[in-house]
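Below you'll find the structure, written out as structure tokens, and then a few comments.
Chain naming follows the written order as A, B, C and D, and within any one chain the residues start at number 1.
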Amino acid sequence: MKIAIVYYSKTGNTKKVAELIAQGANIIENVEAKSMSIEEVDNEFLTEAKAVIFGSPTITGTFSWQIKQWLDTARTVKFGGKLGAVFATANYVGGGGEVAELALIAELLVKGMLVYSSGVAEGQPFIHFGPVCIQEGDEGQKERARIFGERIAKKTVELFN
Amino acid sequence: MKIAIVYYSKTGNTKKVAELIAQGANIIENVEAKSMSIEEVDNEFLTEAKAVIFGSPTITGTFSWQIKQWLDTARTVKFGGKLGAVFATANYVGGGGEVAELALIAELLVKGMLVYSSGVAEGQPFIHFGPVCIQEGDEGQKERARIFGERIAKKTVELFN
Amino acid sequence: MKIAIVYYSKTGNTKKVAELIAQGANIIENVEAKSMSIEEVDNEFLTEAKAVIFGSPTITGTFSWQIKQWLDTARTVKFGGKLGAVFATANYVGGGGEVAELALIAELLVKGMLVYSSGVAEGQPFIHFGPVCIQEGDEGQKERARIFGERIAKKTVELFN
Amino acid sequence: MKIAIVYYSKTGNTKKVAELIAQGANIIENVEAKSMSIEEVDNEFLTEAKAVIFGSPTITGTFSWQIKQWLDTARTVKFGGKLGAVFATANYVGGGGEVAELALIAELLVKGMLVYSSGVAEGQPFIHFGPVCIQEGDEGQKERARIFGERIAKKTVELFN
């Protein structure tokens, strides 16, 4: 079961977090997770993916225009019905990462995705809307990103198997 | 398969929309949908429900404190893993219904629900975050509410059957 | 006192609403309001403006990437300390206009603007986050847009005179 | 010039941050800042205040129902035209503090307040929507809260003197 992690990265931090999430997701049996920049999307993989996790740096309080542009123009892939999830990097605590995530979630809902974050339902660590890493993330934030990948992968298998 | 529509209603409008959504959901085979005020929740039904649709009037730009209070204190029912969806009533176009819905969605994600609205993926009528009715809704808005119930019910059967 | 209405328009609807807002603002004495597309910004006027009103169509649940790109790259104008306000067009009631407005407001706050909508404080018509027009707006929505321009202009004079 | 910091605190953390903000605001000449719980509001002070800063713990991804209830029922004080600002405490990075702040900002806009956070316009430390403290805040977060108080006070004097 394929899971795509699609990101835009400006400084390399968001790319690193995408890779941690992919690593976490790949722990789950029968899951093949792959991270890819919006600049090098594997459309075949993305089309087959049952879940897509989107990530962005936080730019002036929301996700980057590059992601928005890509989401609005890359109409070859249909996201409706897939599981959708999000993550963000930000420069400091309170620096907009969660608001970027919620704006991205709004977009995924309009595309008809099933949106999931695990929240507090899977115990610690809690993940409200998606993991937020401050720059590339401290150890706890990185661990949360890996676990997020694992949880999204588990839920994907549970829903679509 | 049980689906609960849980609402708070101040003037009766939100109650009416809840009933339209229940009516739409009950069209789908094997679905038993029931609307209930937060003041008279059927906890057994709610516990068994595979999907819960939450509705609120818009009060000063977000959902009512009564819903918030109920969501934060009614800890007997676990919402994690259920399908979650939302609707709102508002007093005029631009009067905060969508923002109330998105704030409610944020809450459902933290509870670990799978959030779904159908968006544009099911064709017309589009339903961005959930149906918004201006007061009790005009004919088009009422029809959107019924169809929303139907779509949530279909998705619930598809996911949990 | 200068007030700029800066918009991106795809179909022409957002442009029309921008013009209505400018028209409303120009009613106020000593105010010179001018609407301009992000594609033809008058940077001198914008720099001198005490208030800037931003408008966008709603694209998949938030404001357009063109506005985001422009806001993030047009760094010649400093928005900090100016009055900021927003409006949006959307395709239907519940179609994301308010959520687009709130995402835009988040961006303006990060830029250090004073954000104002008038809300319910100026009596009817209420304007929650900014006027929302469905397509080019019905008569009531157009009137709300004009009145919004007037209110923002009044507040600008009150604050910066 | 009076500035009120109005908060709800469950564990005492939000109260502590409110006091830091008041301390920061009181540095500015001619400003009298006072923090008060919604359970013991000084209505006369609040009525005279030119700015009101609202604070809440983050409960399941948004601000607490107690604040919402108070905001919707305490109609003796008119907030329209005052400067409004927000802060939040949360349990961890990504734990909803910013989303709670933005939901609160939506409410303040509907009340007709001028909303301000300073953003990136005043240089470091940046404050996107308002300061977020993880629990009672680490040293950097506490310092940001104090500076926020100072900035809001400066802006209040600048606008209303």
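Keep in mind that, in the parts below, a contact is a pair of C-beta atoms (placed from the backbone, for glycine too) under 8 Å apart; a residue touches a chain by one contact, two chains touch by 3 or more.
Remember, predicted model here, so these are calculated numbers, not experimental data.
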Among the listed pairs A-C, A-D or C-D, choose the one whose interface is a repeat of B-C, with over half of the contact pairs the same by residue number. A-D
A-B or B-D, whichever has more C-beta pairs in contact: A-B
How many angstrom lie between the CA centroids of subunit B and subunit D, rounded to a whole number? 32
Just how far, in Å, is the C-alpha centre of subunit B from the one of subunit A? 26
So subunit A residues touching two or more other chains come to 60-61, 96, 99, 102, 106, 109-111, 120, 126, 128-129
Show which residues of subunit A lie in contact with subunit C when the two form their complex. 59-62, 64-66, 68-69, 71-72, 96, 99, 103, 106-107, 109-111
Residue ranges of subunit A touching subunit D (in the complex, touch as defined): 60-61, 91-99, 102, 120, 125-132, 134, 141, 144
Within their complex, state which residues of subunit A touch subunit B. 78-81, 83, 102, 105-106, 109-122, 126, 128-129, 155, 159
